[in-house]
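Each structure below appears as structure tokens.
Two complexes, one shared chain (subunit A), two partners (subunit B, subunit C).
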Partner chain A sequence: MPNTYTLIASSTAGAGGTTAFDFTSIPGTYTDLLLKWSARQDLSAVAASDFIYINGLQSSYSGRWVEGNGPTQPSSYSYTGNFTYANAEGNGANTTASTFANAEIYIPNYTVSSNKSMLSESVMENVSTNAYIVLGVNLWSNTSAITRVTISTSATNVTGGAQKFVQYSTAYLYGIKNS
Partner chain B sequence: MAAGSTYTSLATVSPSGTSSVIVMSSIPSTYTDLVIVAQYLKSGTGSSRLIFNNDSSSGLYSQTVLYANGTSASSGRDSGNWLFLLDYLQSSTTNANMAIVSIMNYSNTTTHKTVLEHSGVVDKGTVASCGIWKNTAAINRIDIADASNFSAGTTFTLYGITAA
Partner chain C sequence: MTRPTRIEINCTTGVETVIELTDAEIAQMEADAIAETARRAEEDAAAEALAALKASAKAKLIAGQPLTAEEADTLVI
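What follows is the complex of A and B.
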């Protein structure tokens, strides 16, 4: 039985930060994709969302998620729009220094000609208040094979806008084979 | 994780629409943990059932569930003859349901078997649960059963994870 869990690509933000982690030319030789990242944004806020775009497109995304922050009852939200919310509550600049949110999104059957379902999980810690855990399900209503996945700081621009992932933010893309 | 170090595909089942039960049997005991990745389409609603070693009558299963439908979040608990996927929310017949199930230390014969599950489907919501099968037997068979048939396009894959 072959081993099946392979690192396709990785990226780490340098000293100037980066507006997006952009994985392009993803080969179609795996069954599933798993994207993991540890990131912090320079946005002046506690929570800073990370936005996922597939194949560079900005349409046909939807999802629902649950989030908990410790002191209050869990909340649930839904969305439809131009991106996937895989980490709705990441670490912004107003959280404890040197603290990075961790997130992952699992994309099964990414080459199959059907809409793409995804599961996502993320956690954000903050020593003072407002730490979050988020679990979600996402859908990209497009039957194209996935060849590009982008983690962006922008809700309107695939490769990011004014905000940046700070230095030492990292992202890893794995391919998983089922045979 | 280094390329190809510890994550091995053990079985993939892709039903064609005429089966309501997926069976993954003769699971070797040579791994540390098991992971099931499921993307499944169904002809009916209802939550699919997860059964170990063909034990669907002992009442030794229990499960605590956090579920959310996009508007509100709640928690529930079940005890009975199996664990559920997408418990409380039930499955979709229009979109692909998805679940990732982790089964820790499945082959030891001294502890009860614990399970973590994250499942979801976009028109229903998302579920996180922890479950237990209060049996010390090594798991060598997993059934995923439903009241309706699994449709074409469904895939259940079982992975073995080695800790060393």
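What follows is the complex of A and C.
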């Protein structure tokens, strides 16, 4: 990482897995935030979406993402809703064993009193069959400073869904200063 | 059976806490799972229907046959 990047906090799921990584009380002393994670869910599917919530809220998200799955031409989609949908198309239980997806979301100017734009990207790992790559441009229409970012397995619940991030899934939150 | 947990990381203190989900959260999780399965099925069905329309439109174009309005919509941006 460049020397302007500071690791604020990190976490790794233990043996029982976790339904969410919830970074709270984020200090407002940086310019930008970068959340990176490596995760696999126990959902019985190839793709298992990871959902991002800001400040624990479930409203005012919108965006557009481009998604490729390997064999076919990439498609683009729009969303509005209660989460930053498909910011990450992650590894589900039906992907190659012990492989994890990688994803990140970059949030510039997270403390300013204006709506927040966010850039997201994710890459699944899956040998021999389809694996999704997603690039997203997202907007959180809220002028509050960001103090909490949550990665959840649920599209409707900040604290997570019926499936879990499996053991050794990890999340890292970096703060970036402009000098 | 072990209760599902979530991880909370306080970025100011550095304290990490593993929190068991409440009964209400677990009930919500089960409802979410059903809704998510339905959402994915809808998305998959829509994608398959669009692919079928495009394939049909392409075949008709090659054969010089007229397209339906739905098929034509798949070709017009």
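Just so it is clear, the second predicted complex is superposed on the first by the 173 of 179 C-alpha atoms of A that agree within 3 Å, B and C clash if a C-alpha of one lies under 4 Å from a C-alpha of the other, contacts with A are read in each partner's own complex, and residues count from 1 in each chain.
Please note the rule applied: a residue touches a chain if its C-beta (ideal position, glycine included) is under 8 Å from a C-beta of that chain, and two chains touch if they have at least 3 such contacts.
What you are looking at is a predicted structure, and each value in this text was computed from that prediction instead of being measured.
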Which of subunit B and subunit C A:156 touches, first, second, both or neither: second
First (subunit B), second (subunit C), both or neither touched by A:177: first
First, second, both or neither for A:130, with subunit B first and subunit C second: neither
Partner, of subunit C and subunit B, that touches more residues belonging to subunit A: B
First, second, both or neither for A:21, with subunit B first and subunit C second: second
Touching partner for A:102 - first (subunit B), second (subunit C), both, neither: neither
Which superposed partner A:167 touches (first subunit B, second subunit C, both, neither): neither
First (subunit B), second (subunit C), both or neither touched by A:58: neither
First, second, both or neither for A:114, with subunit B first and subunit C second: first
Contact residues of subunit A, present in both the subunit B and the subunit C interface: none
Sites on subunit A touched by subunit B in the complex: 1-7, 31-32, 62-66, 73-78, 106, 108-109, 112, 114-115, 117-119, 121, 135-139, 174, 176-179
Interfacial residue positions of subunit C with respect to subunit A in the complex: 2, 4-14, 16, 18, 21, 25, 28-30, 32-33, 35-36, 39-40
In the complex, subunit B residues that touch subunit A: 1-10, 12, 37, 39, 66-73, 95-100, 118-122, 124-126, 128, 153, 155, 157, 159
Complex contacts: residues of subunit A adjacent to subunit C: 8-11, 13-14, 16-27, 45, 154-157, 159-164, 173
